[in-house]
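Two complexes, one shared chain (chain A), two partners (chain B, chain C).
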Partner chain A sequence: MKELSLNILDVTENSVKAGAALTQIRLEQTAEALTITIEDDGCGMDAETVKRVTDPFYTTRTTRSVGLGLPLLRLEAEQTGGTLTVSSRHEAAHPTNHGTIVQAVFCTNHIDCPPLGDMVATMVTLIQGHPERDFLFTHTRPDGPPVELDTRQLRQILEDVPLDGYEVLQWIQGYLREAYAAEDAEE
Partner chain B sequence: MTVRELIQQTQWPTAALPAADREITGVYMGDLLSWVMGRAKESDAWITIMSNNNIVAVATLADTACIILAEGVTPDPGVAALAEQKGVNILCSPVGAYETARLLSEYL
Partner chain C sequence: MKTLAELQAIKDKMQGKVSLREGSGEKRVVVGMATCGIAAGARPVLNAFVEQVNEQGLAGSVTVTQTGCIGICQYEPVVEVFEAGQEKVTYVKMTADKVARVVEEHLKGGTPVAEFTIGNYKA
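Showing the complex of A and B:
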């Protein structure tokens, strides 16, 4: 995909489909690398499935025989000299502590590294699409203070107000845009 | 024209030819696989320099007539066997993507 944020959206949608109550999206950016970690508490996968998820001819879809979400993310990461790792604990074997972790490392100085894209729009899209689920988003970066959003905290403050209300989504968008615009105080 | 006829015209080597009688009705050119997925049309000849097993998946999904690897690129190990298994034709053009497309436009 032309932007990594679209991959993040794609992987997180899989977490939602796996029944995750909380999905953590962590971006750790240094001068040389961007590590994207998506960790959910969904139903998880067994070891055999984990081995096959980066095979393009494996898919959970029943409407077609090809699934390219993780295969393409892996290709994009490896094209920059990075890696993709997937680990999972299936609910059948781990009834209280299950879920999946997808981690992609991109070497950001490589010419084939795609741009990150608009993470603010990505988070707003996720919350709007799944207001009943929780997302913890953190983005640490070399050129500014970390950007953080925890929908569990929002829920506590808002009490019964749904997260997909127009004003709430507008507020989230403004809050994230402001956080991204903030200069590092130490500089 | 069919893939077989194209090969007869061009003498391009093939890496996999499980469906030689597929009709080619158009041409698509591109290397960003997620982009190609949504844009290449059924029965297109798809010109690319990407050579990993994901191209077989994209060709299956878009139902292209064949993949043409340009600039003398050859498929990665295992890709030709996968393509045979999935019914995807792979041709190897020794010339660049533009020249490959230009030749196709002459024959189609």
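Showing the complex of A and C:
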């Protein structure tokens, strides 16, 4: 992957496939580290599966026996001196409170740390592909106000107008781009 | 400035159109968005389709959707075009730059862009 925002798109697709109604994507950036947390309320995984998800030769896909999504993210995080942790509560054991949390820590001053890339495109792509799901995106940054988007709030305003209408997607894109641009305005 | 009030205005404008934009969808553009597709550059391809289908006024007849791994990862980004009564067309190694011709010649004009299809790549 060329940028971390693509890993985030990829890993969040797992949450969608796990049936998550709400997926929270949190980016916490400091001067030295970027912590990416993807937390969903999907079906979760049992302990045995959690152990295997960062193994490239484990996958749920049926087209081939190699799954590279989480192994790639783990490799990229560890190459910067960071970590990847996966914890999960399977619906069989936790019928009312299940889901998965993937957390990756990147040491951003390391020469091998990939750029974050275009998070706006990632969020627009997720909403376009899954307009019936909810996403809560927050990005706290050392050099600008936090960037936030909650599709539940947008849904309240839109009522029965779908989130994947072109004008709505364009509004979301513009809204997020403006929120990120606030950084430059302060500098 | 993008405000929530502006979103409210979009809602008011779109509300009457909801039933209109669903339904027809004669052509379906499906972009592979699994790890392989994303890593190969599917995100800008998808977004180019969404943008150009709408800018060209094709939203009533073309729907753009995402899918998982299609199984030919070495040809990603892969885009499939489905149309009732027609054979599926598979575009491979797509880029955002190639999207304009597919929209113009295939989705609008009805003729697939043969040089971008898998038949042109496979020996």
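Descriptive notes on the structure:
As a convention for this text, the second predicted complex is superposed on the first by the 182 of 187 C-alpha atoms of A that agree within 3 Å, B and C clash if a C-alpha of one lies under 4 Å from a C-alpha of the other, contacts with A are read in each partner's own complex, and residues count from 1 in each chain.
We adopt the following convention: contacts are C-beta pairs under 8 Å (C-beta built on N, C-alpha and C of every residue); 3 or more make two chains touch, one makes a residue touch a chain.
Treat the numbers as computed from the prediction; the structure is a model and nothing was measured.
With the C-alpha superposition on chain A as described, chain C and chain B fit side by side in the combined arrangement.
In the superposed model, A:T125 lies in contact with chain C only, and not with chain B.
Of the two partner chains, neither chain B nor chain C is touched by A:C43. By the touch criterion defined above, A:L75 reaches chain B but does not reach chain C.
Using the contact criterion defined above for the overlaid structures, shared-chain residue A:E159 touches chain C, although it does not reach chain B. Once the two complexes are laid on top of each other via chain A, the angle at chain A between chain B and chain C, using C-alpha centres, comes to 80°, given in steps of 10. Of the two partner chains placed around the shared chain by superposition, chain C is the only one that A:V168 touches, whereas chain B remains out of contact. Once the two complexes are overlaid on the shared chain, A:E178 sits against chain C while remaining clear of chain B. In the superposed model, A:M1 lies in contact with both chain B and chain C. By the touch criterion defined above, A:C107 reaches neither chain B nor chain C. Of the two partner chains placed by the overlay, only chain B lies in contact with A:F57; chain C stays clear of it. Between chain B and chain C, C contacts the larger number of chain A residues. Least inter-chain distance for chain B and chain C in the combined superposition, rounded to the nearest angstrom, is 5, based on C-alpha atoms. Within chain A, the residues touched by chain B in the first complex and by chain C in the second are 1, 6, 64, 68, 72.
Within the complex, the chain B residues that touch chain A are 32-35, 37, 52-54, 56-58, 60-61, 86. Those residues of chain C whose C-beta lies close enough to touch chain A in the complex are 1-2, 4, 6-8, 10-11, 13-15, 18, 21, 33-36, 38-39, 43-44, 46-47, 50, 54, 59, 64-66, 68-71, 73. Remark: chain A residues 1-2, 6, 56-57, 64-66, 68, 71-72, 75 touch chain B in the complex. For chain A in complex with chain C, the residues that touch the partner chain are 1, 6, 9-10, 13, 17, 61, 63-64, 67-69, 72, 121-122, 124-125, 128-129, 153-154, 157-162, 165-169, 171, 174-175, 178.
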